[in-house]
């Protein structure tokens, strides 16, 4: 049985709990043990590296890496934002001795930062063979058009992340296909959704996310699938705001990657927190369509 | 100059004054030699310590030849070829550069200051630049004074191994 | 050994600073010097006569002239010593003007230096041996590889000069990329109107043998004497019998991709690429034919009125000798799909390449000259052109300019207006490169007359919105994002070398760059020569080029080839490298560095494999001399002994 | 008017610093505008990314340091991933922004500065982000009481908020981290 240290991050612990529950469920189904990181702290998310100094971002993330470093298991961070911060910190610590020294000073011991950090896509691709998923999914989602939406933080910058193509990411696709769903090409799959500007500069998020939703609807996509709580909230939670701002009436569900896989495994929408999505998909119709 | 040439080819006497430095310059036929010609045609005055030896290409300059020059009493050796990309033989100067870079790093092991060796590019149209190169190189070696080469012959001095003898 | 030394005064040019008498006197005391004198003007007729007379009188066998630069008068004095019965390579010039009298003022210093230089010259000539220029016979026929406009032009020029030419073309027809174009800038005349007559002329030229569907598979030999293997691929059609009636094509049930039309439209397994093809014969592509895939069909054989179809036909192997080779294998478009996922990477049918657009514009093309959207056949209203796709982009490994994109975009914009008066073209560009004669005028016409809107900036993203495409770019002049909802996008895709160019280059032993374009011998002064003697370049195989430049280069290459072929034999420089076979250890370090591939392996009777220098190829650079670990190569005229003795003398 | 011969010289040193720290060659930008074409943040910028690069090329580094672009870019790296020259534009902007921060030249727009401050205070206090708290504080402090109010019923219905802030045990260590970061500017 594979074992992972689990870094949920602030979003999964609050506003995106459905991501957390669905991820835990999928892990359980495939016999993957998740051990929540003890006393983890906020990874600094997006504003940290922009405030005062970038050092803070590294220090915040480093504390988590250090805790994870005490164990053997690799660290999985389903939130693309957290994942990105953790990888960044690793990248900088690896290359900057002075920073490593400072970090160790704060932590009171030599910082352990080399634990392998995975995002959910990489981890599930490692643990689940598409064939195995397909066998269990039995075409449950057949006829549903699910398009992956990767956003930015999951794949960029390439030299830090080192997984998938930053301009044309594709790694969600094999598992999504294994659910039985149709996975059409989605042109804007790695366009930016407007990031964390939702509060301070809402118009940015609305414009950027509107473009993405509009293109998805135009392409006849039934739901977008994402691995980032920030993207998810911009596209889903703010869809009403988008509709109001642009005079549209989109109702495009935006699922978490783990929710899509969970549905294919036959888990109930409630178990997967589907009802926590602002735009709820008509799961019954999806499943019926397949049957 | 009555006694100038008395030294026989195999003789002992040195031409010129003993305290003057002597420099050898290996110049490729196509660019640098022509550049030196141009400097001459333009009457650009230069220090007289340098003696030019014409070679077809800077790539013909064997590091052993450079060492031989030091051994024979050169106080400095200059190699000048075509600019990168302009080599008459396409890539000869790249080979030269690679080998001579290596040589430069080895010189201290033979007790030769690296400043005594210089590798440069001068094109056929750069008469002015050639004159500067000569002046600068001479000025760089002069303060070092005469070289008392003690490094011994670098393995198999080139001449004795020659194929045409 | 009897050496004579002549010290030139060059009027006062030398004598004013160098005591030439003293130099001569000093020379007299040098080993083997039997005569030395100072001459007022050695290069003048009386001066030369003085040298010749002294040579006779003192029975000299070697001569040193201390005067100006050898670059000035070496040949003058070589001729003089020949008259004195001395081998021209037994002459040494010592430069005491440019390197001495003209750059120094102090007479004593200059004289000492002159003596040093003369001593070095004497030492050097002492090591010299008489050399004879070699001669190799020249095969009087040329090979042209590639039958695009460049290859056609080169073949015609050589053939018109009365020399036999073989043109080898890989495809079943000649014409290359130009045959796919509709009109051509700068004059916007019809491509086939100017190309077809040449193709026909070539076909019927008595001095030209045309081999289509053929490839060069091996090349041996050297300048003047190449031996080339050519494989003629089986096309299952007898070229002699086929009349070009195209009945087979009409009846053939198997569809096949239409490469000639750049994938616009479809073709058949047996087909003729286009109506003006030369030769006008059908060719069968086995990989698409039922007869070969499933073993049954035979329709074409049945319907052919000329009984030209022959499924049993086999590849033919020819071996021929040529004196000169011209390579004109042209280009293809860069494989843009993988490099540009942001433009859909080939997924959107209405994002097409400029070559596909060209086929659409062509009246004989698959759409009969109608501009339509591949997706639904509708006429587009708004058309967006993107320049520099796969050009000037380091991030996709293509930093260079395609050289023609800007011009054909302008051309296509003008034509678009003519075809569709209500349409509008938008051009995203970075710079408009319109530097040829009459080119700027075409660009201005596109803007002013054809109303094309030029936007200075690149495009970051293209994505579909309904049946339209959204193009997200920037206009850097206004400093803002621009979005265009359009019907059709045309990509000006950059040039790549022809398929297999690198492989061909290796067969020919010619150099190529990181993009597999062949490398010329000198970018300015030897632009059609390769580094391998006797092989020349023409057209886009050497780098992106338009038709005028391709044709000019082709004629230049032809002139070089004619110059070579018109000689019965070739004189070779004797200042070449030489291997002491007795001591060669067969490591071939020498061959690795030789820029001219002038070093071959040869097996000796005693079983050893040693290096031999092909004198007709060696250019005398001396790289091998330095590279040889046991130091058994020496460059004649610049042997290690000679150089060392020179060094010893100047340092004395 | 820009006296380019003067501005370029004047900005040379700062530009060199930016180039050194970002590892990018600003002069290699040929102003194609690809970076700007899909940047979602340009709405909030005064200079779209390609003009930001241009400022640096012309030595107008002070303008770049004080720009909203430096402050508002959120490092999505869309620009960097598309630059045909391969310039990491986002890194250039971020580096400029860091220098502005360190030298006290940073002037983020009011509401952005506020959001960041509150966010970090929130994290510093609890160790983890308390989203509801952040939203509430932001609205109070910014005076935009109704910002995202429309989301509140939705968020409550979907059980997306926790009213009680989360807390980690080692809050003291966290404060140390914040202190350290403040006192050691620019350890890059």
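Read from first to last, the chains carry the letters A, B, C and D; within each, the first residue is number 1.
Note that in this section a residue touches a chain if its C-beta (ideal position, glycine included) is under 8 Å from a C-beta of that chain, and two chains touch if they have at least 3 such contacts.
All figures in this text were calculated on a predicted structure; none of them were measured in a lab.
Novice: Which pair, C-D or A-D, has more C-beta contacts?
Specialist: Taking the two pairs in turn, the one with more contacts turns out to be A-D.
Novice: Using C-alpha centroids, which chain lies at the maximum separation from chain B?
Specialist: A
Novice: Rounded to a whole Å, what is the gap between the Cα centroids of chain C and chain D?
Specialist: Centre separation, chain C to chain D: 52 Å.
Novice: Mind checking the centre-to-centre distance between chain A and chain D? Centres are C-alpha means, answer in whole Å.
Specialist: Centre-to-centre distance between chain A and chain D: 22 Å.
Novice: Where the centres are mean C-alpha positions, what is the separation of chain A from chain B, in Å?
Specialist: Here chain A and chain B have centroids separated by 66 Å.
Novice: So what's the Cα centroid distance for chain B and chain C, whole Å?
Specialist: So the centre of chain B lies 36 Å away from the centre of chain C.
Novice: Which chain B residues reach two or more other chains?
Specialist: none
Novice: At which residue positions does chain D touch at least two other chains?
Specialist: In chain D, residues 38-39, 78, 82 touch at least two other chains, as defined above.
Novice: Note the residues in chain C that touch 2 or more other chains, in rising order.
Specialist: In chain C, 342, 461 touch at least two other chains.
Novice: Got a list of which chains touch which?
Specialist: Touch list across chains, by label: A-C, A-D, B-C, C-D.
Novice: Which of the residues in chain C end up touching chain A in this complex?
Specialist: 341-342, 344-345, 347, 461-466, 470
Novice: Tell me, which parts of chain D touch chain C in their complex?
Specialist: Listed in rising order, the residues of chain D that touch chain C are 30-39, 42, 47-48, 50-51, 78, 82-86.
Novice: Using the touch rule from the top, collect the residues of chain A that touch chain C in their complex.
Specialist: Chain A reaches chain C through residues 165, 167-168, 185, 187-188, 191, 214-215, 218-219.
Novice: Show which residues of chain B lie in contact with chain C when the two form their complex.
Specialist: Chain B residues touching chain C: 1, 4-11, 14-16, 22, 24, 33-34, 36-37, 39-41, 43-46, 48, 51-57, 59-62, 65, 68-69, 72-74, 85, 88-92, 95, 99, 131, 156, 158-159, 161-165.
Novice: Along chain A, where are the residues that touch chain D in the complex?
Specialist: By the definition above, chain A touches chain D via 10-11, 13-17, 39-42, 44-56, 59-60, 63, 96, 98-99, 102, 105-107, 152-153, 156-158, 166-167, 190-204, 207-208, 237-238, 240-241, 275-278.
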